[in-house]
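A short worksheet on the structure shown next.
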Amino acid sequence: MTMNSHRIRNIFIQGPISAAFIAEKIAAHAVKLNIGGHSIFLGQVRADQKENQEVLCIEYTTYEEMALDVMHKIRQEIFDQYELTCLHIYHSLGTVKAGEISLFVFTSSIHRKPAIDACSEIVERIKKELPVWGKEILSDQTHVWKENK
Amino acid sequence: MTMNSHRIRNIFIQGPISAAFIAEKIAAHAVKLNIGGHSIFLGQVRADQKENQEVLCIEYTTYEEMALDVMHKIRQEIFDQYELTCLHIYHSLGTVKAGEISLFVFTSSIHRKPAIDACSEIVERIKKELPVWGKEILSDQTHVWKENK
Amino acid sequence: MNTNKISILFFGQLTELTGKTELELSGIEDTLAAQEILKDLFPKLGQTPYLLALDREIIHENIPLKGNHTLALLPPYAGG
Amino acid sequence: MNTNKISILFFGQLTELTGKTELELSGIEDTLAAQEILKDLFPKLGQTPYLLALDREIIHENIPLKGNHTLALLPPYAGG
């Protein structure tokens, strides 16, 4: 159904995901003349208040072998479920400061609906199923561990 | 609820919306430390087959005074309905070639759900309510008028 | 006697069909009367779906026209 | 006699709680036995929610361990 759908892709990027990187990925789709709609989700690190301190950054770690297996399975199921032209997913590892982007999900389809629905479902599945941990470094240099709800 | 929510903004851009422009808008949000999620929709012109010809480009026109009224009303209603931090909408006028981007909807919120839901609803409302017309120029230089379904 | 001025605006395929982007009518009682006159001037308008916007607001019923107004004929939208 | 080797992996807050990222156990009958041993070694594990992944697959019940395996302890996720 799609090129490379059987290859395990690495989704991890060291440090934050830059706007320039996102632009590059968008621009690369200008040659795909059957695409009518792209849907993008970006996760950004918030300077939340925790224990009377402010979150300065998150240090992300993963269980990479398992995470890539999980992501591969999600990709396959999403391609089976939605008529997508393309699907790209990137997640940061290491330090991402408040205001920086740590997750980039990018779906494309001929008509808009599959791209929109798939993008939102992928984000939910990543939050629930991807073995990634986040150590939130606070302004007093203590830390707390983030937990997805 | 948001800065500038009462000012009528011009959403129209002459020609295609570039990846660099999108990147600039994304990067501008790095200072908003309470944002946790951005949702983006991009509409891209397809090289559809019509009357045995291929769509080369779309020439977009609008009834600008009415379109800005309509967009202002949509903005207000979306801000009333969803807990958004930011909302940006851009639509092309004039010629946009197949593979180029003609619509850019960009929503941001503290948690992801309002941004995702609002973005998708705005796209639906733009397609239904915004007085914009598209003349699809075909490879033999004839044309057809696009109609949203 | 009604001496109002009604600016008529055409958009999209209607500009091709009428050969015009605007024209002015006067002495028009209501929006239905305007539509009838336009159909006489441009018979092809009768076969074409369009919405009416009176002073930039979509209307779905006949509205009396006192004073000056703008009446726009809007064929199906194609934004996005 | 069971002479298997089980690599135990810790992630996230569990690395702090145990002071380790990995260790090896041997002669373990099943995943429940592994969990009991780990709780004896690191009593704080008893108060902490985590999922178990056996050879990179989440498991929800006790699985016998024949041969060599990797057992990972996964505290709540924080991706996105």
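Every chain is named by a letter (A, B, C and D) in the order it is written, and numbering of its residues begins at 1.
In this section, a residue touches a chain if its C-beta (ideal position, glycine included) is under 8 Å from a C-beta of that chain, and two chains touch if they have at least 3 such contacts.
Predicted, not measured: the structure shown is a model, and the values here were computed from it.
Undergrad: So if I look at the partners of chain A and the partners of chain D, which chains show up in both lists?
TA: none
Undergrad: Count of steps on the shortest touching-chain route from chain A to chain C?
TA: 2
Undergrad: Could you give the separation in Å between the centres of chain B and chain C, each centre being the mean of its C-alpha atoms?
TA: Roughly 27 Å, centre to centre.
Undergrad: Taking each chain's centre as the mean of its CA atoms, how far is chain B from chain D in angstrom?
TA: 49
Undergrad: At what distance in angstrom does the C-alpha mean of chain D lie from that of chain C?
TA: That gives a centre separation of 74 Å.
Undergrad: Return the distance between the CA-based centres of chain A and chain B, expressed in whole Å.
TA: 23
Undergrad: Considering chain C alone, which of its residues make contact with at least two other chains?
TA: Chain C, residues with two or more chain partners: 80.
Undergrad: Got the chain A residues that touch at least 2 other chains?
TA: Chain A, residues with two or more chain partners: 43, 112, 123.
Undergrad: Which pairs of chains touch each other?
TA: Pairs flagged as touching, ordered by label: A-B, A-D, B-C.
Undergrad: Could you please specify the touching residues of chain A with respect to chain B in the complex?
TA: Those residues of chain A that touch chain B are 19-20, 22-24, 26-27, 29-47, 98-101, 108, 110, 112, 116, 119-120, 123.
Undergrad: Please name which positions on chain D make contact with chain A in the complex.
TA: Residue list for chain D touching chain A: 9, 11-13, 53, 56-57, 72, 74-80.
Undergrad: Mind pulling up the chain B residues that touch chain C in the complex?
TA: Going by the criterion above, the answer is residues 43, 58, 60-63, 65-66, 69, 91, 102-103, 123, 126-135, 145-148.
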